[in-house]
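Given below, in the form of structure tokens, are the structures.
Shared between the two complexes below is chain A, which pairs with chain B and chain C, respectively.
== the complex of A and B ==
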């Protein structure tokens, strides 16, 4: 009950301002660009092939910018306004606070992904499209986004300054996209799903990553680790 | 009902609470006084679960607050310092969120908010975004939020900060009315309202309770008993000089044409008798000779300038 109330407030918070709409519009633009406007092989008009690898291939880097921008507000804003004190005084289980915030922001990501659906639909009108690949790509994107958001929200608990939170999250996302270890590399795990190959190990990796950082956020709140006046 | 037992809290190397011990009397308004940095806000945050104590515990009906369930926290309504609110929500949206997140059903929320808008004076701004509200209205929204679940305990951290005198009077009147049936812990710097509003006073200094008692008992701690107020029908010229020639008078302050403050060691009754004899000898008619009322301000200053034990 409380989880959904917090999620709804978070959702409302995003759509009350310009940021939510800007987020959706820029996300759709950034992911549609390689398919329709770029001069590379990914442009369906230039290649004449209904292939969405460039579309899904843009997701990791787009998320690495957009998700820190979204998550930077999550806890930093609560701490800056002092409303975190109010939320904690309600005696809600910390896990519910974390999940509520997560679901509220995840909702915006799901909406943004849904708004990109016209891209494959349009491409599908031009030439026959492998819808299995499309489904697989979206599923992978949902998992990828969940793991990234959990990580960024966790990092956001350490700062009451949005810019600092954004920089911290962007740095972490960049490291996870560039790291050589294939086990930890976010982009590597996404390669398969972008190609339409659904490997449960990739999805389990993202799911575990997400759970670990949701739990870590909960622990951060439980310990009130910052222990200084807000 | 609420009991602090040896609560310690430090932020890094800075000790804020040093073994805080006190108990709130049920159904009373307790004035929580202390200079800035004394630890009032920190202790209130510990009481309301926003912070954790390093040592010691706070008990609510005998149960440590760290072990309380979500349900038990519904007994406490909290208005934090600076009234944190979500500026992009309207007053209604904020109150609805605060009620629903604490488990109140939608119809009950609607009913309860309806009950609160009148006494909290929020009717005119219910649909207005919080960002556009004046400080006074923000404070009322914060107070309404604290009252949503009709909790038996209210913790109010400086609810009058930044308000104009009329707003202060209104808020304090509301708190006074609430205090008839609730246990209120009220942090404030406005000492003039303490005698009429509070049944009990706690004075905190450097993380210790340095006074716990009634407002009257606190005023008794005013160390300055050296001032007598004298009103005379007609004082001769050179009156001030004449009075300074009295051995018992250390200083004469002219308040108005016929009112003077005499500073001396008036704790000693014989000095007062000698002064009366002096006035009689010089044929100065006395309309009033009385000790100046005890001052909470001076008592507060005295209590908080001392180094705590």
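== the complex of A and C ==
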């Protein structure tokens, strides 16, 4: 029950300010731009082809900016204001706290993704789209976002400065997008799913990544809470 | 104590996650969600595998350390090879070899004609060239098929299945490609050149067939006795005896594709002339089909590079109708059309049938119109429509046929199979990926009953969009970015309104 309470609080906190709405609007703009506005071949009007590769291709790099921006204040702000100690003193299990915060922020990402749906629907008005591929693209994006958010939240536990947390998370995301290994490269796993194939190797990779870093966040909370004041 | 326990727990979870990850890598489960199941082994491939009698060995010669982009190619090839292995049961053995591992493997790779592929990599901000093994060989009985470098990953299935088909099919059918030679007897710039513009088609067809080129000269006999199928273009220049040989083949039951234009186009001068009625037209009229002397222009057209007086220009060319599934151009019941996305038919004439058994297979959009007699080819000056209509551009006939030539009367056939397409210029338009695919499928359908042609291909995943006006495009752009923020705004305002009302209630 506490998970949902924290998630709701986190969700409301984002939507009470301008940041959440700005996040959604910019995210939609950044993903729609290559499909309808850019001067490259990803633009469906220039290429004359109903192809969403440019749309889904924009997701990893958009996430690498937006998710750190979203996650930076998750723990850093709590630490700066000292509210994390208060939260922990309520006797809330650390795991529930981590999961609640994660779900609250993940909800905003899901909402942002849902708001990009007009793009494939509009392209679908121009030519018959392969909806199976589109579904895979969105599923891949959900898994990608979950793993990235878990990582960024974990890195956020180490800093009480939002900017520092953002830079740290952005750096980590960039490394994961550029790393020369098919096993660890986030973009490669996403591309694999977005081409229209649900492969357990990609989905399990993201799921495990998410699980490990959520657990790591919990353990970090425990060790920090018991080792020294926040 | 607590810290130690926390770290210990984290280590356990990390190790467990590593194990699960390893298992997921070792035992992959894949679900292909694409419409055409483009990344799974298709039914035509499975049918070819079912015909394998002897053990077949599929050997992948891969370097173990390669740059990431080649790792991706290797991974996809390996997934597909495993699918072949699983579908082939005990008859297919998959072997993965790194020739760099030992000298025996290296010698084996070199002996079968493999060589290393050069790959550019960026190492510490420097561009380096590395050599890697990225080849494949298929062994069956005492024969082999070798790919020195893996073909495009998305079309790998077609390449592998075609190779297996070549190995197990001892006698490959012969497709005879017949057309007028570029000679003084025939107008220059008219005939397609087998060694240049038609080379992609020939190369493609040779993967599964024996292709025999026959250039006909006026007065020379046309021998079609070995043909398992015939593809003819420039039909109007064939003389009476050549047409009679063609009819003999048709009446023998040899499937024939006739690419017959109603208009003579000089592509370099951008001029067109109506072709006078030839013997070929009379022969077709006897069969119940006519290729009209007109040019179909379509609002659904292709952007092409056009050589204008001041250099090359990109123009929308109304005389290059771009047929697509979206506008219902492809008759579903015709097997080569299955899931076909686009087809470009340049300078096409409409095909009319007097015999109802000639089934239409390709249509223009319903926004097409025709030019008659006075043909204007300049993209800038193509006259606009006086009325729109939908035109049939190709037809198929399958059934008994009354001969045109009295000499062939005794050969009256019960199983003539003909396809007539109103242009032969599609043979030189392989920049549109659908054209190569369509011709490949058409030949496959006529000669083998669609055994290989319907293997999903990357080219066929290209879906052309319908025609849009500038205003419509602006609307699309506006909706794409404004709809979502608009919804957010409405939601935010509603939320704010409800919250204020609740707060007022509490205050009251």
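Simple rule for what comes next: the second predicted complex is superposed on the first by the 224 of 230 C-alpha atoms of A that agree within 3 Å, B and C clash if a C-alpha of one lies under 4 Å from a C-alpha of the other, contacts with A are read in each partner's own complex, and residues count from 1 in each chain.
Note that in this section contacts are C-beta pairs under 8 Å (C-beta built on N, C-alpha and C of every residue); 3 or more make two chains touch, one makes a residue touch a chain.
No experiment lies behind these values; they were computed from the predicted model shown.
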{"item": "Fit or clash - chain C, chain B, common chain A", "value": "fit"}
{"item": "First (chain B), second (chain C), both or neither touched by A:90", "value": "first"}
{"item": "Contacts of A:5 with chain B and chain C, given as first, second, both or neither", "value": "first"}
{"item": "First (chain B), second (chain C), both or neither touched by A:51", "value": "second"}
{"item": "First (chain B), second (chain C), both or neither touched by A:25", "value": "second"}
{"item": "Touching partner for A:39 - first (chain B), second (chain C), both, neither", "value": "neither"}
{"item": "Angle at chain A between chain B and chain C, C-alpha centres, nearest 10 degrees", "value": "180"}
{"item": "Comparison of chain B and chain C by chain A residues contacted", "value": "C"}
{"item": "Minimum C-alpha separation between chain B and chain C after superposing on chain A, in Å", "value": "6"}
{"item": "Chain B and chain C contact sites that coincide on chain A, given as residue numbers", "value": "223, 227"}
{"item": "Residues on chain B engaged by chain A in the complex (per definition of touch)", "value": "11-12, 41-42, 45, 48-52, 68-70, 72-74, 76, 78, 80-82, 84-89, 93, 97-98, 100-103, 145"}
{"item": "Complex interface listing, chain A residues touching chain B", "value": "1-2, 5-6, 9, 12-13, 16-17, 81-93, 223-224, 227-229"}
{"item": "Of all residues in chain C, those that touch chain A in their complex", "value": "2-3, 6-7, 9-10, 13-14, 17, 20-21, 24-25, 27-36, 38-39, 67-68, 71-72, 75, 303, 324-326, 461-466, 468, 473, 476-477, 479-481, 483-485, 487-489, 492, 495"}
{"item": "Residues on chain A engaged by chain C in the complex (per definition of touch)", "value": "15, 21, 24-25, 28-29, 32, 35-37, 44-45, 48-51, 115-116, 118-119, 122-123, 125-133, 135-136, 180-183, 185, 188, 195-201, 204-205, 208, 211-212, 215-216, 219, 222-223, 226-227"}
